[in-house]
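The following blocks contain the structures, represented as structure tokens.
Across the two complexes that follow, chain A remains constant while its partner is chain B and subsequently chain C.
Here is the complex of A and B:
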């Protein structure tokens, strides 16, 4: 009898780590899994665009303008005779690159500022957080337009990168606040004291001990930011102050729909990018929600 | 006070005795400022630790007891330099460590290590046990985890864990096992002094004795000196050679284990020892029950801080602050009854 009881106890003692539990919970969410699949598909297809289509995105073909979808042009052509399908793929490349890169830099800057402020507290915290407040009070749209114009005017960066720089410089305030709050509560744990007592440097304590413990919050925040920046890029490009017209992006392509004729009679020009934006944002948000629930210890399913 | 200084001077004149002293805490004070209003005007202090002196000899276990909130943990953390002392001196092997900063403080940390109270909060749940235990060594040497693996595994089996546990994460262990990991981490640097801050108060009673015995075994094996902080008197009795009793940031009585338990002098210590459960049901014991609550450390009573609850309080207790005096041999008490 004894040995079997022993092994039973041993089996029960096998617990899952936070990440394993989160992965299992996430996998059970159909909507989030489908969204993740769609997202990966969109990203994959956009980034292998040159291998999917052989059309030149920038080539203007005046003999084939405003053509309806056909076997030659799967989604028709726009009013400059460019292939809409090709442009949608390349546009996805630009839109997603802007979204992903901005998300990366915003999260990086925000986490750095937030964790330093939260860890040190006192005047460091005060200084950094007042600076964060200052950044947050800047009217986003106005500054995006102005900074973007200045950066492009300087001529050293292309439209896409200037947008990324502007987004990164203006967007990190929210992340910094959230990370600071999390670090503030997390550093009350004794393991932080323990880290100091075993001779960890402050940077080591933050990077090795605190950040892994607030990573879940950062990841969820980052997904939502990704959606926000794709929308922001589309919005800015739509009103003509985002990515320059010659570079295709989903927002740029939607710009064509500003003409009544295109909007009413030539849906093949603007529907593909619109559908792409909508579905991408939707799936990012579903994935974000899924992650949020998966990391939340209060949800059991 | 003059008596105390005299004793300390005597100890200093005696060279062998001085060599034998590992840690000397002199008149340690830790006040937390209380601020109010928009401009954070200072309106007072919480006197968490108010003028405490402790001397620790090499190899002994000094138990620090007191109610929760009496400043025992703060004392431990201040000695470890996790918080800065407001006033006073901490001498480690004769060297003043009170003002150490930056990298010299970091380098000093390998001498004193701590076993924490909460085995759940004191281990980083995102780190493998092997990394938790080898991290202190990696902080002080250039050795990699791979090089340290045999050493760490040996240490794990010494504290009663298995070598496979090296690859596990904290959540896979029970409270007692986690505390063993915490002990292994504290011992990894082979410190001279270990501060155990209520190391068993979060554990089941059945596990407590195992962990306490482990601490004792490790003391012999690594020639450790312990500052053992606890509120459970029977635990302190089991562990300590000498005991200090704290009340509201003050040390009220210091003496050998036996002296404190057999003939407590201070009324507070008497009340505490009368509360220890007696295993013999036939033995009648008079239980002294203290009235009222512990006063706020922000606004401690005048004179003797204990006079508000003391069954033997005299009118002068409100005015005169009693000093810690050696009443019997090696048995000090701070009470006007023994003046």
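Here is the complex of A and C:
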């Protein structure tokens, strides 16, 4: 009898956690792994840019304007004589910082509102969710543009931070709604009752017991948000109302393409940021999809 | 149905009031005078501003100002544009037909493409054609609209010279003639395609998945068993069911079109309300900015309402 019991225990010990299963499933997806690698590479390269490049991104060099790619300037220079390659790296820094920071704050606000509404229910839920619905009915782009203009007009924050603030203020509705739905179904479980009965405060129950169980949903949402904010930042800067022109960002560099001459004859100025944005967004989407499948208990591979 | 519509309309009233309050508060935060447009924000002389503020009643209590603004709004008075020196209403009405024209063209292209591609893909899933369409859809959904727009301008306008890259009309054409309308269509095709690409891609993929799913259903099997021809099964039986969720997208499309139109119109310098909005932000023409913000918000709200109502119209299984 004894040996069988022992093997049983051994088998139970081998049981993987949700995170291990997800990691194993994710590692098997080639496209998602390649995308993740590319994404980490882009982030790494952008953030070490100031330490490895010697060119000054803001200095105007009238002797070297609009040069084609050469060994000295890998991707040529723009109409102010600035090195496009260096600017692309710096631009990535700004665009990714805005994307990542906005993603962090939006997820934070959304999860907080959603979990409070879901956990307490009743009038708290009603009030918070009506407010969320209201935020979601506002046309996102329009209010981002208006609020951003107001914040910049006040002159207290720079273009980059005003975008982050505006995105965070207007973007949390979707996350809040999803987290609330998840928490609503999750709090019916007995472990929540157990946690409450041993005297956990609501904040402890939410943070320690409920949130880890909805974390997978939040992570997938956050990935999609990262892509959305990088797209939004570049779009706004592209039409000239996002990050101020002195600071290079992918959107700002793309703005050069609005001049017919640059768009038509000097593709080396606008192609690098366009390619960077496209590849980054595509790989974020692939990673997001990979994560979604990896966290889904229904998929086996 | 009628009672539901009425209930929904009544339910919109608090939202409309709330939106007007938000827009009013935002306007108060803006420098200068966003309501009547009488104070020029570029004239920074203190005495001038003070005098104008006093004359226009900006030192009144906030609720009084709000009430005055709403009353004017209800009477169609949106103030005066500082850039165009005209009532905001006239400026917007001048540009609005262009945007509506763009939006309708975009919708027509979207629906034609989405139906053709989606039905093809759904009928022949997992074939080469389906995979090509799926790749196209993935690109259309993931790649930002403005990048597609500049690449489209680069190839179709500059390299191939098929479409003009900006404007809505060649100057000098007589209004109302055949050439006039053909020229307008010629100008609107490229912006409309880029504007509708995202919806096209998502509709196609949605329709395809729905058709594939529906073709496994029992009613399709019994239709086949009765000897109904394949094309009749797909075009009549399945399409009728798959079309339901697609129709409701129309309402949400209004919101997507608004957000997209702002960027697309600016790229193509297409003189619609989207470009007017960006120009007004640039020139600090706050009366225009605020009126357009209000208009965009109302349109979005209206779009959501249409989506909800259409749901009941196309799907008889839904009862209110």
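Couple of notes before you dig in:
Note that in this section the second predicted complex is superposed on the first by the 289 of 301 C-alpha atoms of A that agree within 3 Å, B and C clash if a C-alpha of one lies under 4 Å from a C-alpha of the other, contacts with A are read in each partner's own complex, and residues count from 1 in each chain.
The rule is short, and it goes like this: a contact is a pair of C-beta atoms (placed from the backbone, for glycine too) under 8 Å apart; a residue touches a chain by one contact, two chains touch by 3 or more.
This is a predicted model, so every value here is computed, not measured.
Once chain A is used to superpose the two complexes, chain B occupies space next to chain C without a clash. Judged by the touch definition given at the top, the superposed model places A:226 against neither chain B nor chain C.
When the two structures are aligned on the shared chain, A:49 is found in touch with neither chain B nor chain C.
Once the two complexes are overlaid on the shared chain, A:234 sits against chain C while remaining clear of chain B. In the overlay built on the shared chain, the residue A:260 is in contact with chain C alone; chain B does not reach it.
In the superposed model, C is the one of chain B and chain C that contacts more residues of chain A.
Taking the Cα centre of chain A as vertex, the centres of chain B and chain C in the superposed model span 100°, given to the nearest 10. Of the two partner chains placed around the shared chain by superposition, chain C is the only one that A:139 touches, whereas chain B remains out of contact.
Contact with chain C, but none with chain B, is seen for A:285 once the two complexes are overlaid on the shared chain. Taken over all C-alpha pairs, chain B and chain C come no nearer than 11 Å in the superposed arrangement. Counting contacts by the rule stated earlier, no residue of chain A appears in both its interface with chain B and its interface with chain C.
Residues 13-15, 17-18, 189-191, 193-201, 204, 208-209, 212-213 of chain A touch chain B in their complex.
Per the touch definition, chain B reaches chain A in the complex via residues 77, 80, 82, 106-107, 109-110, 112-114, 116-118, 121-127, 135-136, 139-140, 169, 171-172, 182, 185, 188-189. Interface of chain C with chain A (complex): residues 15, 18-19, 22, 26, 29-31, 142-147, 150-151, 153-154, 158, 165, 255, 258-259, 262-263, 266-267, 277-278, 281-282, 289, 292-293, 296-297, 299-301, 304. Contact residues of chain A toward chain C in the complex are 134, 137-143, 145-147, 149-150, 153-154, 227, 231, 234-235, 238-241, 254, 257-258, 260, 263-264, 267, 270, 274, 277-278, 281-282, 285.
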